[in-house]
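To keep things simple, chains are lettered A, B, C, D, E, F, G and H as they appear, and every chain counts its residues starting from 1.
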Amino acid sequence: MTKPYNRLDLDQAVVLLVDHQAGLMSLVRDFDPDRFKNNVLAVADLAAYFKLPTILTTSFEDGPNGPIMPELKAKFPDAPFIARPGQINAWDNPDFVAAVKATGRKQLIIAGVVTEVCVAFVALSAIAEGYEVFAVTDASGTFNPVVRDGAWNRMSAAGVQLVNWFAVACELHRDWRRDVEGLATLLGDHIPDYRNLMTSYAALRGAIPQATPGA
Amino acid sequence: MTKPYNRLDLDQAVVLLVDHQAGLMSLVRDFDPDRFKNNVLAVADLAAYFKLPTILTTSFEDGPNGPIMPELKAKFPDAPFIARPGQINAWDNPDFVAAVKATGRKQLIIAGVVTEVCVAFVALSAIAEGYEVFAVTDASGTFNPVVRDGAWNRMSAAGVQLVNWFAVACELHRDWRRDVEGLATLLGDHIPDYRNLMTSYAALRGAIPQATPGA
Amino acid sequence: MTKPYNRLDLDQAVVLLVDHQAGLMSLVRDFDPDRFKNNVLAVADLAAYFKLPTILTTSFEDGPNGPIMPELKAKFPDAPFIARPGQINAWDNPDFVAAVKATGRKQLIIAGVVTEVCVAFVALSAIAEGYEVFAVTDASGTFNPVVRDGAWNRMSAAGVQLVNWFAVACELHRDWRRDVEGLATLLGDHIPDYRNLMTSYAALRGAIPQATPGA
Amino acid sequence: MTKPYNRLDLDQAVVLLVDHQAGLMSLVRDFDPDRFKNNVLAVADLAAYFKLPTILTTSFEDGPNGPIMPELKAKFPDAPFIARPGQINAWDNPDFVAAVKATGRKQLIIAGVVTEVCVAFVALSAIAEGYEVFAVTDASGTFNPVVRDGAWNRMSAAGVQLVNWFAVACELHRDWRRDVEGLATLLGDHIPDYRNLMTSYAALRGAIPQATPGA
Amino acid sequence: MTKPYNRLDLDQAVVLLVDHQAGLMSLVRDFDPDRFKNNVLAVADLAAYFKLPTILTTSFEDGPNGPIMPELKAKFPDAPFIARPGQINAWDNPDFVAAVKATGRKQLIIAGVVTEVCVAFVALSAIAEGYEVFAVTDASGTFNPVVRDGAWNRMSAAGVQLVNWFAVACELHRDWRRDVEGLATLLGDHIPDYRNLMTSYAALRGAIPQATPGA
Amino acid sequence: MTKPYNRLDLDQAVVLLVDHQAGLMSLVRDFDPDRFKNNVLAVADLAAYFKLPTILTTSFEDGPNGPIMPELKAKFPDAPFIARPGQINAWDNPDFVAAVKATGRKQLIIAGVVTEVCVAFVALSAIAEGYEVFAVTDASGTFNPVVRDGAWNRMSAAGVQLVNWFAVACELHRDWRRDVEGLATLLGDHIPDYRNLMTSYAALRGAIPQATPGA
Amino acid sequence: MTKPYNRLDLDQAVVLLVDHQAGLMSLVRDFDPDRFKNNVLAVADLAAYFKLPTILTTSFEDGPNGPIMPELKAKFPDAPFIARPGQINAWDNPDFVAAVKATGRKQLIIAGVVTEVCVAFVALSAIAEGYEVFAVTDASGTFNPVVRDGAWNRMSAAGVQLVNWFAVACELHRDWRRDVEGLATLLGDHIPDYRNLMTSYAALRGAIPQATPGA
Amino acid sequence: MTKPYNRLDLDQAVVLLVDHQAGLMSLVRDFDPDRFKNNVLAVADLAAYFKLPTILTTSFEDGPNGPIMPELKAKFPDAPFIARPGQINAWDNPDFVAAVKATGRKQLIIAGVVTEVCVAFVALSAIAEGYEVFAVTDASGTFNPVVRDGAWNRMSAAGVQLVNWFAVACELHRDWRRDVEGLATLLGDHIPDYRNLMTSYAALRGAIPQATPGA
């Protein structure tokens, strides 16, 4: 009767990073730029940490939309990277869909710019084909909060699950004992308050934690 | 089980502009006036650009509600224009419904003032008769955000899809290759940040973009 | 599949004013006091204007919750007034339910303080018994916006329709020609911007509108 | 070295109500309309209650700016009412200045629309001529809070004292014993929370307070 | 067709307090700290007042997450306290689930830090096993309001009921006559405005209310 | 040329608590009630902790304004308590001024309700007589932030220093070594985040901090 | 003792538009883009309307900062345009200062991006040389409101007058009779609410106002 | 008559970083944690880039306040680092003042936690001794925006200049030609929007910019 609890599964999840391009990023105004950049990099880091298949795509990189964030390209040098020639909805691009299908997985974790187009169109199309879709709320940005609210409403009504990057990481990790240090580093690299807790804790225990270089 | 993905279709969509009148516009306080005027004109421009059938309607133009925005009348000189003699819900006006039916189309893109009455009543009535209804969230205004939230809730629960004008334009356009310059101009005319990107890009490429006169 | 459009009907609607008491009103902080008082009086005025059966109820008037707003009591001197001896949910009070049933009507328009208790409990109980329930969003108040959002969510998920007083008035009135002056006065008495429109209009037409005494 | 404490004095104060016109009022967006209307009427009521000389002025009443709020005209039928033929700064109008001078008083309490023009220009001009100037912060409105902040900054830097209507009333009244009932009624008519306190108090004491008719 | 009204029942409700730990509490930024601490203690107090079975759990108390709030441990010295060795989702911990099952009850009232993980994961897991789940909106905190909104959306879509602590208390109490003084004290200890009402009331009646020591 | 740094001095400071009465507290809406109550009690606790002479005053306790907060009366049973018979500005009451003068001190720390009247009038009067005046920004409340901003502006322009309770405590304490435990307890009792830090620290050190009973 | 009232004078005022460049504009986040663009164009329009000498300047147009807004260049084809080779503070550029001095005027109206650098540095430098400086608050933008507040504070403390574009226009115009239509058109082109008033007024008088082409 | 324009000078400026400690950082709630951390690191980076003498200080590092941010210690391994034994106002610590005096400089750039204590006390003390003081508004944090406003007011009234880190960098750099690449890297490392502009620009020019490792 209600939306079931589709729990993220390390063996079923794929990460789709859609149109995080320098020009489009400057349109994002529902998050402040410091936080938004941090959130996008957090999704990239968790995708790498959990070794999830990751697919990059852009639209019109050589026009005003600008090139993909260099950090994403550097993080996933071997990932499929579909520079779409024109389709606004990435799901309309056969190469993109083929890349998704090639993973053999059924859970799509999608983040992108802007939320109501680059994320929502893909999410709505994929859910219509039977995928379980998770939109990453805080690594997807758009013009203003009113637009975001409308986009969330449309996706949620269609069955998309709204999750932030932290919940994605926790749902995939499931048990701290799986790798305490790995998860703590991921959190500390992207949650300043958590890094503060780690710093104080380590000081009392006698060691200062190291940030991941570049994080 | 969930709301299906009804994708906007160039051959099925109609635009309904309901009660954007000078007096009623002054009641709108959930958007700042600069942004709201821009959004309404953006809907008008996209309707014209995509050559969608467009229907104008007003209530009590010769009373305090005031006349229709002159820009809308000027933009669509030949569109059906139903000045309702008294019905608050435009769908209660037979001429209005007849004008919609005359288009033979099934997807209604509705914007208006005020959201919870002029938009919601039409949307709820039309969906009850089997239309696919898309309320344009950012070209519909009302007294304050709390009222807007309630109106969105009521419409969404009834099956209305909430979309902003940018998503409407992108969903209709589908592929940049259809007309790169046309879409870019539409976006640049109504998204200052996008115009800035175009300006910088053009400067580096050697040409300054032209705004559409009057936009 | 979705929530149907239950349109308010002059012959089916009842107004329930729940616990608008002097003490409880001071707990309301999701609306500023000027606006909240105005909205509550607007509901009272529309109930009187449309001659809807109206039921008043309070809890513990002689304790800290305080007496009912004097304006409500004065407005409806002959309405059923159930001073509940202890029940928090008015629906648990047989006299209150009897008063509702005595009207023979099926559409309940509910406003009250506080939203998540005095409104939501009645709304959820009534909908479970087959009533169509309309919660008046802007004449119901509570501790803060976060609490309000949660209360709206719970009611909406249960099938309650969220409406503001202005939408209630418009949905009941349906056609300006039914009584132009009556509706305009109701709106002008409670929407300062609309009063301004009327003032300017009347000046140009040669007459200054009169506020309803006491509004 | 710092701005001295110029205390409002019943024998020195004049109230200037500048350009509270129906059209201009619709430009005010730094206060919500319910609150702003209430605050303006509170200033009018306190001027009447304390029997302060009061001067009304408007600009271009027969153009889009619209007529003065009818309530103000009705409240002060015999007050000087200077309908300025064109001067934007009321202080540039000799009749207005003459009306001020005719009172023989030195403390100007100014409210108006919009804050940074109709209030600030008069305030800055008057202070330059040696008057003590008090701008009523919450009965003066403008386009948005950013503009208000700038206007306050400019006035304060020039020596204007910023006061809300409640502080004006209290500074003039000085001692509750002067007229308990009168002050309580003034407060209760314009501060809903205070009215609630009075209602609860009176109920426990055995009497329900009466609102001033029309307030 | 819609979510039914599952009314909280004194004989069916259990309270689960998940990960209110000193370190994690410092991550909460969607409520101000004064209010959040107050809300968490209010849930604890109502659990004790209504004698509901209460289960405490924490994750990694001896790491940066820090120890449980001392007030909770002190309030429920004999309650099951499951210090999870690693599971992020408390429902993955067999001891925790066993403690829930041992109560033989079907209504879970859950509060915790952070909302989208410690609360949502448990809520989603429990609802999938047939429990009625009530998430306490204002005693659960997270990084920011955007994240909270997403978490609420996900839980609500899955059938979780969103309630604040005040609604929980009122729904359990049902009738003031059950214990006037007890409920009033609970409210006065955690709602300063209500305490003010009680103080004024008592003064007029001749007695000053006493706060619960430590509240 | 600018306002000098008048540093608070343990031997020169007096605390004036003006009109923190149950009725008037319900008018405060520029702070949420949890935070405001906490801030007022923090000022009381610091006055007691630093053994500063403290003076209480109220206006019309037996009218709608209501009695003083019981906690304040209980905290300072032997302090001068001037229940003013009618003066709105406490400085107009000879007993109040006499109580201030009797301390022989020159630095006044003032908190009260409402900011622009009960605090500002006293502050402006006292500064005109040569006192150094410190208004406690977060233990003084009023109708809304706009009114507060105006009140701060007026006081600051007259030479009043704006300080929050935490700065007062730190400026008086000067050196942690004076009494580490005392200051830490004061902070922990009123800053939940600081209490969290103490809890985590103590756990790692092997002891759980105790809250002051009743704080 | 206080800042004097320097009234803007048509014969003394110069307009300086500093670094409104496509790249830098994308950094502005203390105004929404629709409003900010509108405000900048309003300043340009008023400069042209009042025939004030206007000076344009940019920094690093061929780098990431991007080219000047094309509308500004088009509006003032013959104005001095100083493309600074490197100086961040335009006042450090001798050509810029020479252009200002060449006007022989003493009142500088400055707008620019970003407020705390491109506006504040010029304003502080100019005031130190004896100019009267007016910073246009709403046509100057920066990273966020906190940064704006700090920049305003620094400028105001140094003697800069903070004015919005509307106040500039009104202070220069002084009397509607100077050119009713001209001022009304300027206002209507940039204040949608004022355009609405004009539209309603004209309709009742029998004429629809024309927007300035391109505005 | 007004505060003069003291322009920051590379040969006169010192940077004081006061109490950026892991525990105290968790108290900061007037900036979101992502932004605040970024701003503090930006100040550190600009101090290093401009080779300004920099002084670190902390209070009670081995108590709940926690250790200094590891990044600061790592950035300035040879800078004076005064771990104060107890003084709350760093200016009360002779070693700290000696370290400042040893630089022979007169312009103090101060950032710290919390604003109204650790920053304001030092700023007020230093200005009283004749230093020019610049408080870095966005690298200093405190409990909430209301507290920040009060702290800014007190400092500004005493003659402190309020600047954000970006203005500090620009005022020190003065001319892009001094080192284009150095400044651009500093800005790009801490202003995501500026990095985006650089990325787009570089792509069109044929090179992708490199972030500073670790920034």
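We adopt the following convention: a contact is a pair of C-beta atoms (placed from the backbone, for glycine too) under 8 Å apart; a residue touches a chain by one contact, two chains touch by 3 or more.
Note that the structure is a prediction, hence the values are computed from the model and not measured.
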Shared interface partners, meaning chains that touch chain E and chain G: A, C, D, H
Repeat of interface D-F, chosen from E-F, C-E or B-D - more than half of residue-number contact pairs shared: C-E
Chain at maximum distance from chain H, centres defined as averaged CA atoms: C
Reference chain G; chain at largest CA-centroid distance: E
Euclidean distance of C-alpha centroids - chain D vs chain G, Å: 31
Rounded Å distance between chain D and chain H, as computed from the means of their C-alpha atoms: 44
Where chain D touches two or more other chains at once, by residue number: 3, 23, 26, 32-33, 66, 191, 193, 196-197, 200-201
Interchain contacts, given as pairs of chains that touch: A-B, A-E, A-F, A-G, A-H, B-C, B-D, B-G, B-H, C-D, C-E, C-F, C-G, D-E, D-F, D-G, E-F, E-H, F-H, G-H
Residues of chain B that touch chain C when the two form their complex: 3, 23, 26-27, 59-60, 63-66, 85-89, 92, 114, 116-117, 120-121, 124-125, 127-128, 143, 146-147, 149-151, 153-154, 157-159
Touch list for chain G against partner chain D, complex: 1-5, 7, 31, 137-138, 152, 156, 161-164, 166-167, 170-171, 173-178, 180, 184, 191, 193-194, 196-198, 200-201
Partner chain A, residues of chain G touching it in the complex: 26, 29, 32-33, 144
Interface residues, chain C side, partner chain G - complex: 197, 200-201, 204-205
Residue numbers on chain A that touch chain H, as the complex places them: 22-23, 25-26, 32-38, 61-62, 66-67, 69-71, 191-193, 196-197, 199-200, 203, 208-209, 211, 213-214
